[in-house]
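When the chains are written out, they are named A, B, C and D in that same order, and each has its own residue count from 1.
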Amino acid sequence: MADPCLPSETIRIEAFSDGVFAIAMTLLVIEIKVPGHDLVAKIGLARCLISLWPSYLAFLTSFATILVIWVHHHWIFALIERNDQSFLYWNGLLLFLVTFVPFPTALLSEYLLHREAKIAANLYTGTILAISLAFDALWRHASLRLLSATATSAKQKEARQITKRYRFGPPLYLGAFGVSFLSEAWSVGLCLVLALFFAIRGWPGRGVTDPETA
Amino acid sequence: MADPCLPSETIRIEAFSDGVFAIAMTLLVIEIKVPGHDLVAKIGLARCLISLWPSYLAFLTSFATILVIWVHHHWIFALIERNDQSFLYWNGLLLFLVTFVPFPTALLSEYLLHREAKIAANLYTGTILAISLAFDALWRHASLRLLSATATSAKQKEARQITKRYRFGPPLYLGAFGVSFLSEAWSVGLCLVLALFFAIRGWPGRGVTDPETA
Amino acid sequence: MADPCLPSETIRIEAFSDGVFAIAMTLLVIEIKVPGHDLVAKIGLARCLISLWPSYLAFLTSFATILVIWVHHHWIFALIERNDQSFLYWNGLLLFLVTFVPFPTALLSEYLLHREAKIAANLYTGTILAISLAFDALWRHASLRLLSATATSAKQKEARQITKRYRFGPPLYLGAFGVSFLSEAWSVGLCLVLALFFAIRGWPGRGVTDPETA
Amino acid sequence: MADPCLPSETIRIEAFSDGVFAIAMTLLVIEIKVPGHDLVAKIGLARCLISLWPSYLAFLTSFATILVIWVHHHWIFALIERNDQSFLYWNGLLLFLVTFVPFPTALLSEYLLHREAKIAANLYTGTILAISLAFDALWRHASLRLLSATATSAKQKEARQITKRYRFGPPLYLGAFGVSFLSEAWSVGLCLVLALFFAIRGWPGRGVTDPETA
């Protein structure tokens, strides 16, 4: 840790946010509904489980998206050196959207194979788009306001690189939202691909090893 | 941190409380029920989702209220320098009321558009009023008993300012409870406005940056 | 903290246990079911809410019991100075029983006013009795094995006092289990009274302030 | 702690993983369904509760499995000295599989006594097999990449011993998966026995006391 006395305030916000991320990720699974005995009697358990694929896709995509948001959230907190009230409420907005994710996930699981799937996919990709916008706003606020005075030039350079990289997030998720009007399943698949892409891409110029000690 | 050796007792209570706040906030979403196929067949998915607005309002209001309670709870813990058994149980009462919130939230979601909405709104605003009273009791106990001996005069002055500010909480929530007898939706809206008001208003005389290092 | 280098192992077990306690307590609320529209149409929302009193009683009793277990669990961890594998698994057994609590709580909520209430009350009070036995075993193991060599005589004296006090726990809960064969509601009420009693009684010879710094 | 300045990155990943483990374990209980009034009226509450034994078996097995994974996960984190991006995503895969566990657990509870129980047992044991493979991959990556340069020879020796011991995990769980094609209940029982076996067996050459201070 650069600063041995990182304000405990920041640590507590980070720990609280982690709690919310972890719970939101883990709650997703209760939206995968065990098939009822009537349907199993008719088409068999194996086919019932296969027909649940929209639930698996939605669960996997939401899980991966929240996990990647968590990883990046973590990186932001390693960079910032203080926080202010606006930061607290931008973070609150991000958490609000993340805790909302189980609802569009459940809706998508239920209606992806329905003739009104478009609306479910719109809401799902729209929620993820909103998360990417809230994350962007959080980062912009953090990089402009919470780094300026005391940051080393290395941190400032890193912050500029991150800003560059993050500028692709919202337009890409806007694209997924657009695709949801054409093909529901593909728009969700695109969200999954984006989560994997942001996962692999990582942090500018180095691995995860040492965001704080480097 | 003023004291590098803040008793680990206080830290554990704070971490435990944070866990309860985070879970209560995240559990709220499972009370937004995915509309059933029958209703969707009749009025379409879009109109079903729109008719869920009481759920969204209740979710947002409960989330914002618990988030603001968490932020203020956090500030109290930054000020106090020790704890005693009464504090532990006042805190337990606050946590009890916070974990109860998903029930009146679900009740309100289900019955806000029903002719007996008044009872649901009474219980909802009454629960939030009870939370504000429990928080007030926690703060009174903390400021009178857990600060007196060792606090610096700066902390004591801050404590007095907070006491001044908090005296508006319970009467305002009593007002919301009163409004719930006249208009259910407006009483919930008032709770939401109050949460935003206490969020923006913040801590006396400074930002969030440094409650402990300042 | 007596020892600035308390093994991080113990801290992680404590934090993990806290997480389980917090989640189990918060999950209890989702077992209070919002009354259905059919019943509300018949007897009105107010009477529906009143008829849910077994749910409130069960929720309150389970919440208070887990909270008190958490407080005492915390005190044990402040005393022990190391841990071993048996301790880990006694703790695992305690956590297992605590995570099970929402099931007998839900069962009691559903069947306390039913003619087979006795079985629900047996399971409920039996589960709490099992928790008190697991806690007792955890404490016995901790006090005999994890304190002996390095503890100061003050800690050893405290440990002896705690052992004395805890010997009342299992017999009292056995009493509640016995009462569940005579009166279901009273046996649950007795569990609630016991939780409040152990809450107020506290730790031998001092307040909560300083189990570690004293 | 070997290193007083263990990178806070690792601590946060560990804390986040702990949160996911704790929530997944605690959520399992909500899949034990309170028996309905119709069935209770027909066969009595006692027999209803007894007929829920597949739920209890599945709950206990999943709880024990996740608890043991948590304990071992913890030991790995005590050994590694840094992390990299691959580690983060192997860990993410493990967490993904762990959060999925409540679904096959609920499926097994519902269908263990059904004539298509085989499919439920296949999915259940297959999920646990996948967890053991993900854990193995996590450990391989950690032991090869994250220990090599700076580890003391004691740690390296310990790592080699662990690798030796862990090589039994995946084949044993593959066995349980195989048994699930012959007898559903026995395959689940075998998973429970394996969890207890890995629990008792512990860490090479010593107790839990001091993985970090030793």
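Following the convention adopted for this analysis, a contact is a pair of C-beta atoms (placed from the backbone, for glycine too) under 8 Å apart; a residue touches a chain by one contact, two chains touch by 3 or more.
Since the model is a prediction, treat every value here as computed from it, not as a measurement.
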Min route length, chain touch network, chain A to chain D, equals 1
Comparing which residue numbers chain A and chain B contribute to their contact, where sharing over half means same and under half means different, the two sides are different
Between chain A and chain B, the Cα-mean centres are separated in Å by 25
Chain B to chain D, mean C-alpha position gap in Å, rounds to 36
Where chain A touches two or more other chains simultaneously, the residues are 15, 19, 23, 27, 30
Chains touch in the following pairs A-B, A-D, B-C, C-D
Chain D partner, complex, touching residues on chain C are 5, 7-9, 12, 15-16, 19-20, 23-24, 27, 30, 82-85, 87-89, 92, 95-96, 99-103, 106-107, 110-111, 114, 116, 119-120, 123
In the complex, the residues of chain D that touch chain C are 1, 6, 14-15, 18-19, 21-23, 25-30, 32, 34, 37, 40, 44-46, 49, 59-60, 63-64, 67, 70-71, 74, 78, 199, 202, 207-213
